[in-house]
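Below are two complexes that have subunit A in common, paired first with subunit B and then with subunit C.
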Partner chain A sequence: MRMLSVLSRLAWRYLWRNHRRTIVMLGAISIGAWAMIFMTALTRGMVDQMILDGISALPGHVQVHHPDYLDDPSINNLLPLDDEELERRFAGAGFVAWSSRVKVPAVITSERESRGVTLLGIDPAAERGLTFIDEENIDGRFLEGPDDKGIVIGAKLARTLETEVGKRVVLMSQDPDNDIADRGFRIIGLFHASMPDHEDGYVFVGKRVAQNMLRIGGATTEVVFLGDDYRNVEPTYEQVLAAVDGSVSVKRWNEVATYLGSMLEVMDGFVVIWVIVIFLALSFGLVNTLVMAVFERVREIGLMMALGMKPSAILGQIILESMLLLIVGLAIGDLLAWASIQPIKDGLDISIVAEGMEMMGASSILYPKLLLQDVVLANVVVLILGFLASLSPAWRASRYEPVEAITKV
Partner chain B sequence: MNIVLRLAWRNLWRHSRRTWLTIGAMVFSNTLLVFMISLQFGMYALMVDNTLKVFTGHMQVQAPGYNDDQKMRQVVPDVAGLAASLRESLGSDEIAARGWAFGLASSAERSYGIGIYGVEPDFEPRVSSIPGLVTEGRFFTDTNDPAIVVGAVLARNLRATIGDEITLLGTGVDGSFAAAVVTIVGIFDSSVVDLDRSIALMPLGAFQDVFFMNGAGHQVVLFADSLSAVGTLRREVEGLLPDGDDLVVHDWDALQPGLKQAIQADISSAFFMYAILVILVAFSVLNTQLMSVLERTREFGIVMALGLRAGRLGRLVMLETALMGFIGLILGAIGGALVTSWFTANGLSFPGMQEMAAQFNLPARVYPSVSFLSALLGPLVVFLFTLLAAAYPALRLHKVRIVDAMRTN
Partner chain C sequence: MTAVRCVDLCKTYRQGDEDIKALDHLSIEIDSGDFVCLMSPSGGGKTTLLNAIGGLDLPDSGEVWVGDQRVDRMSKGELADLRLANIGFVFQAYNLIPVLTAQENVEFVMQVQGVPSAERRSKSLAILEEVGLEGLESRRPAEMSGGQQQRVAVARAIVSRPELVLADEPTANLDSRTSAELMELFVALNEHHNTTFVIATHDQSVMKYTRRLVRMRDGRIVEDIAQHAA
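What follows is the complex of A and B.
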C-alpha cells in the first residue's frame, strides 16, 4: 500500500516534468471524452424522442388486436372481447394507462375535398398519456367523452379540406357487412402535432359515436396499454398476456413499430462503436506519449532498478502514469460534456432540417439525453483499453537490463 | 535529393517508433474517413434515386399552390398535350403527364380510401419504377381503358384480384360526385407497405373521364440526364411553358423537402464525428512535433549559432510534418480504398439495418463504392490539419535563445 502511494506520487511528478506534452495529451483525451459523451447524449435524445413520439402516435407499450388486424386493419377484424369484458379484465389491474379504441380507415369529405384518414373512436379520459394530442394546444376544444358528437381533426387536414371549426364534414367507412357507414360531424377542434403526418392522417371522434356509426355495438379494434418505461415492457406484456387467450394477438411496441424497435438496437450498438473509434484515435497518441516518457528516462529507470526497485514496480509506475493521465483527461472531458449539455438541455432547435428529421421519424427539437450508463460506459471503456495500450511500453521499461540502461547515452 | 529534404527524412526516422505511431493515427483516421465518406455518398445517391423514381421525378410542372395543397381544381390544362410538346422540344422521352385524385375504392367485400394516379401508358414506365414492379397481370395499353393497377397490400385488403371489378367514388374537378367501375388488370409490389396499401394507377384518358378533368391533369413529371443537370433542364422547361397558363416548375428539392434535409441532418452529424477524428489526429501530431523540437533544442541552438535562421529551421520542422502527413495520406487513402472495395464486393449490412433502410427507400444491403473524391477528401483535410498542428512547434523556434539552447541538456 505504501508502495502504491509512493509510486503514484512519482508517476504524478513525472507527468508534470514535461508539462507541455502532458497538457497536449490531456487536451486530446478531454476532447475525445467530451465528443463521446456529447454525441451519445444527442443521438440518445433523438432516438428517445423518436420513440416517445412513435409510442404516443398511438401504439402504447403493449397492444392487443384481432390476429389479422395488423395486416388488414379493417372493421371485419374486430376484437372478440367487447368493452364490458375488457373492463372486467383490465380495470384496476394497475396499468399506467390503458384504453380501447375503434381504429379503422375512413374517408373524410368537406364541401371541397375528400381525403383518406384513420378514424379513431376514443374515450378521451382513458387516452391520457396514450396520444400525441396536446389538449392545451387545440383550436376549439377536444372531445369531452365517448358520447361527444363532434370531431377533432388536424389543423393541416383542415387547410387541405378548406374547412374550419364549426363547419360540418362527412365521414365514410364501412360496417362489418360491407355496407357504407357514414355520418356527418361538426368540427369542434383542430389539433397540432409535432409530426405533420399525424396532423394529416388522424381524426378523432367519441368511441360510442363511432361504434354506433359503424354498427358494431360495444366492440373495438384495439386495446393499448402503457407501462412504466418503454425500455422495459415485459411486466406489462406478461400481465396482459395472462389475462387473454389465443383468440387475440398481444404485441410489444417494438414488434408493431419495427423501424423504431430496430432504431433502438442500432443506437445501442452505435454508442459502443463510437466510443471505441474515438479511443483508437486517441490510443496512438497515448502510446506515443508513454513510449517517449520511457525512452527519455532509460537511465533513470536503470538507476532505480540498480538501487533495487523491482521490475514489477517499474511496470506499475508506467501504468499508473497512463491511468493518471486518462483519469484527469476523462474527468475534464466529463465536465466539459456536462457543461455543454446543460445549456441545451431544454431542447436544441433544429427546425432548419425539420422535414428531414420527420423522414427519419424524429421531431425538430432535440433534447439531449445524458444517461449515466453511457457516461460510465465511455469512461470504463477508455480506462480498460487505455490500460491494455499502456502494457506494452510499460513492459519494455520493466525489462531493461540495469547496467545497459545506466550506461545508455 | 535536396539537402533539407534529406535532413527532414533522416530526422523522422531517428525515432522510428514514434513516427510510425503518429502515422498510425493518421492512417487509422484516414481509412475510416475514406470508408465512411464513400458509404455516405453512396447511400445518399441511392436514397435520392430510389425515392425520386417512385413518383416524384427530377422536377414537375404544376399549377401554382398544388405542391402544398394538392387540391383537385389546381390543374394543368391539356396536360397530355403539354407533355407531348415538351417531349418534342426537349427531345427526351422521360417526360409524362399525370393526374391525381383521392377516391374510395370498393370491392365486393371491402372499401378503402386510396390515391389514384392517372398516367400515360406509354410514358409512365420511363418516369416511374411502379410500372416495372407489376408482378401480376399487366400494365396499361390503352389510355382510355377503364382499368386499374393496384398495390399488392391494397389488393389483399380488398380481397380482390386480377379481373375483379372495383367501384371508385370520389369528387370531380368541379366538386361534383364522381363514380366509375374499373377492372383490375395488374398488381404492383414495391415492398413499401405504405405505397402498396394506398396507391392505384389508371390510364390518363379514363382518369380524366371519371373525374371530369376535361383534358386537364395535375403534373408533368420530368427526368434530367443526371441530378446535376436538373437546374439547366428546369430553366429550359420554364422557357417552354405556354405563356397563357399560369404554371410553375418545382425541382425535386421542393417536391420532397424531407429528402434533402434528411441528408443534410445526416451530413452534419457525420461531419461532427469526422471533425473530432481530425482534431484528435492533429493533437497527436502536435504532441509528436513538439517533442521532437524540444528534444533537439540543443542541436537547434548549435546550428543557429552557426548562422541558420529560425525560419529555415521552422520550414524543416514543417517539412518533416509534411513528409509524415504524406505517408499517412497515401497509406490511409489506400487502406480506405481497400476496405471500401471489400464492401463493394460483399455489401454491408448490420442487424436492424433492413428496417432502417426501408424507411429511406434503401436496399437492406448497401454496396459502397470508392471514388477519387471520396478517397482523397478526408485524407487531404487530415493532411491540412496536420500541417496546422505543426505550426506551433515550428513558430516556437523563433523564441529560442541561442546561448540558453546550447546549454540545455
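What follows is the complex of A and C.
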C-alpha cells in the first residue's frame, strides 16, 4: 500500500511531465473509447430493435405448440390443451403477458386478387405486448374482442389486393378433416408495421371467429408467453415447462426464430472484436508513449534504483503510468460516449438508408442502446490489453543496471 | 568498528579492443564515522570503487563488505534493500527526481522505507533547514540552482541516518564558494551524526576537509594517509 502511494504519485507526475504528449495520447484513448462505446450502442440498438421487432412479430419469449407444429404449421397439429385448460394452467401465473392463438396458413381473396397469408385468430386484449400491431396507427380500427367478426390486414396487403377498409374479403383454409373452411370478412382496419413482410403476410381475426370457421371448438395452435427480458427467458421457460407435460413442445424465442438468436450471439461476439480492433490501433500509440517515457528518463530510473527502489517497483511504476493514462482516457471517452448518446436516445432517423435496414429486418429509426455491460467490457478489455502492452517497456525499465542507467547519456 | 571492507577487488572494463583495469587487486578498510576522500585522475578507479561499495556495480572478483553484510554476493533485491537502509548516495549530477519537490525528494527514501507521513514531514523539514534550504521546500529541481540541488541531494542522503554516505564528484558542477559550503556541510554532518563519508573526487580543494586521503591510480591505491581536516 505504501509503495502504491509512492508509485502512484511518481506515475501521475511523470505522466504530466510531457503534458503535450500525454494530452495527445489521452485524446487518442478518449476517442477510441468513445468510438468503441458509441458504435457498440448504435449496433446494439439496431440489433435490439431487429430482435424486438422479430419477437413482436409474434414469437414472444416462450412458445408452446403441438410437437409437430413447427415442422408443419397446419390445422392438423392443434394443441392438445383447449382454451379452458390453458386458462386454468396459466391465468394468474405472473407472466408479463400470455395469449393463445389460432395460427394457420390461409388464402385471402378480394374481388381482384388472392394472396397466401398467415391467419391469426387472436384475443386482442391478451395480445397486447405480444404483436407488432400499434393500435394507435391503424386505418379504421383494430379487433375489439375474440368474437369480433371483422378482419384487420396490412396496408401493403390491401394495396396488393386492391381493397380497402369497409370492403369484403374471403379467407379460405382447411379444417381438421381437410375440408375447405372459408368465411367472408369485412375489412375493419389496415395496420402499419415497420417490417414490410409483416404488412404483407399476416391477417388478424377474432380467435373464436377463427375457431368457428376452422371448426376446431376451443382449440388453438400456439400459446405465447412474455417474460421480463428477452435476454433472460429461462425463468419464463422453466415456469411454462413446469405447467405442461410431454404432449406439447416448449421453445424459447431463439429456438423458434433461430435467425434472431444467432444474430444476438453474433452481436455479442462483434462487440468484443470491435473493442479489440480499436485497442490494437491505440496500442501502438500507448506502447510508443511508454517507450519514450522510459527512454527519456533512464538516468532517473537508475537514480531510483540507486536510492533503494527495487526492479519490481520500477516495473510497477511504468505499468501504473500506463494504467493511469488509460483510466483517465477511458473515463473521458465513457463520458463523451454517454453525452453523445443522450441527444439521440429517443431515436435516430436513418431513413436515408431505410431500404437497406429493412432488408436486414431493422426499422428506419435507430434507438442507440447503451448497456452497462458493454461499457464495462470495453473498459476492462482496454485495461487488460493495456496492461499487457505496457509490460514490455516496463520490463525493460526494470532490467536496467543502476550503474549503467545513471551514466546513460 | 569497520564500516566498509574491500578485499582484493578486481574489475575490468572492455573499451573498444582494450581491457581497462578499473580495480586491480584493491583492498581497503574504512572505519565507522570516518571521512575519506578517494582521489585520482579520471579513470583512476575511484567511481568504480564507490559503485562496488554501494552495490551499484559488482566486482569481477574479491569481496565487498558493508558492516557485516557481504555486498558482492547479494541479489538485486537485497542490494536495493541494503542501499535503502544503509547507504546514502550523492552523485555528480542528475541527483534529484525532477517531478518531485525538494521536500518530496528528501522524503522519497523514507517513503520507500515506510516511514509514517508525519515523521517524514518533520524530518524532511528539519534536514532541509539544516542544509540551509528553509523556504525552498516546494520548489522543483528545475527551479533551484546547482548548489541548492546538491544540498537537497545531501539532505536526502542523510535524512534517514544511513551508516554510510557515498558521494561521487559532489562538487564537480559547483562553483568554488558553493563547493566549500557543501564540504562544510558534509563535515558538520559527519561530526554531528557520526556518519561515515566516502567522497570520490579529483577536486584538490575537497581533500582539505577530509580526515583520510586515499590516492588511486590505475585501479590501485598508491597513497593512504590520515590528515587533519580543515
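As a convention for this text, the second predicted complex is superposed on the first by the 406 of 409 C-alpha atoms of A that agree within 3 Å, B and C clash if a C-alpha of one lies under 4 Å from a C-alpha of the other, contacts with A are read in each partner's own complex, and residues count from 1 in each chain.
Here is the rule we use: a residue touches a chain if its C-beta (ideal position, glycine included) is under 8 Å from a C-beta of that chain, and two chains touch if they have at least 3 such contacts.
Model, not experiment: these values are computed from the prediction.
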| item | value |
| --- | --- |
| Touched partner set for A:Val403, first subunit B, second subunit C, both or neither | second |
| Touched partner set for A:Leu70, first subunit B, second subunit C, both or neither | neither |
| Which superposed partner A:Gly308 touches (first subunit B, second subunit C, both, neither) | second |
| Touching partner for A:Met3 - first (subunit B), second (subunit C), both, neither | second |
| Subunit B versus subunit C as contact partner of A:Leu391, first or second or both or neither | neither |
| Which of subunit B and subunit C A:Gly116 touches, first, second, both or neither | first |
| Partner chain in contact with A:Arg17 - subunit B first, subunit C second, else both or neither | second |
| Contacts of A:Ile276 with subunit B and subunit C, given as first, second, both or neither | neither |
| Greater residue coverage of subunit A in the superposed arrangement, subunit B or subunit C | B |
| Contacts on subunit A seen with subunit B and repeated with subunit C across the two complexes | none |
| Subunit A to subunit B touching residues, read off their complex | 18, 20-21, 24-25, 27-28, 31-32, 35, 39, 42-43, 71-72, 74, 76, 105-107, 109, 111-117, 159-160, 162, 172-174, 178, 180, 258-259, 261-263, 265-266, 269, 274, 277-278, 280-282, 284-285, 287-289, 291-292, 295-296, 350, 352-361 |
| Touching residues (chain side subunit C, partner subunit A) in the complex | 51, 54, 56-57, 76-77, 80-85, 89, 91, 94-100, 104, 108-109, 111-114, 156 |
| Partner subunit C, residues of subunit A touching it in the complex | 2-3, 5-6, 9-10, 13-14, 17, 299-300, 303-313, 401-403, 406 |
| In the complex, subunit B residues that touch subunit A | 15, 17-18, 21-22, 24-25, 28-29, 32, 69-72, 102-104, 106, 108-115, 156-157, 170-171, 175, 198, 257-266, 268-269, 272-273, 276-277, 279-281, 283-284, 286-288, 290-291, 294-295, 350-356, 358-360 |
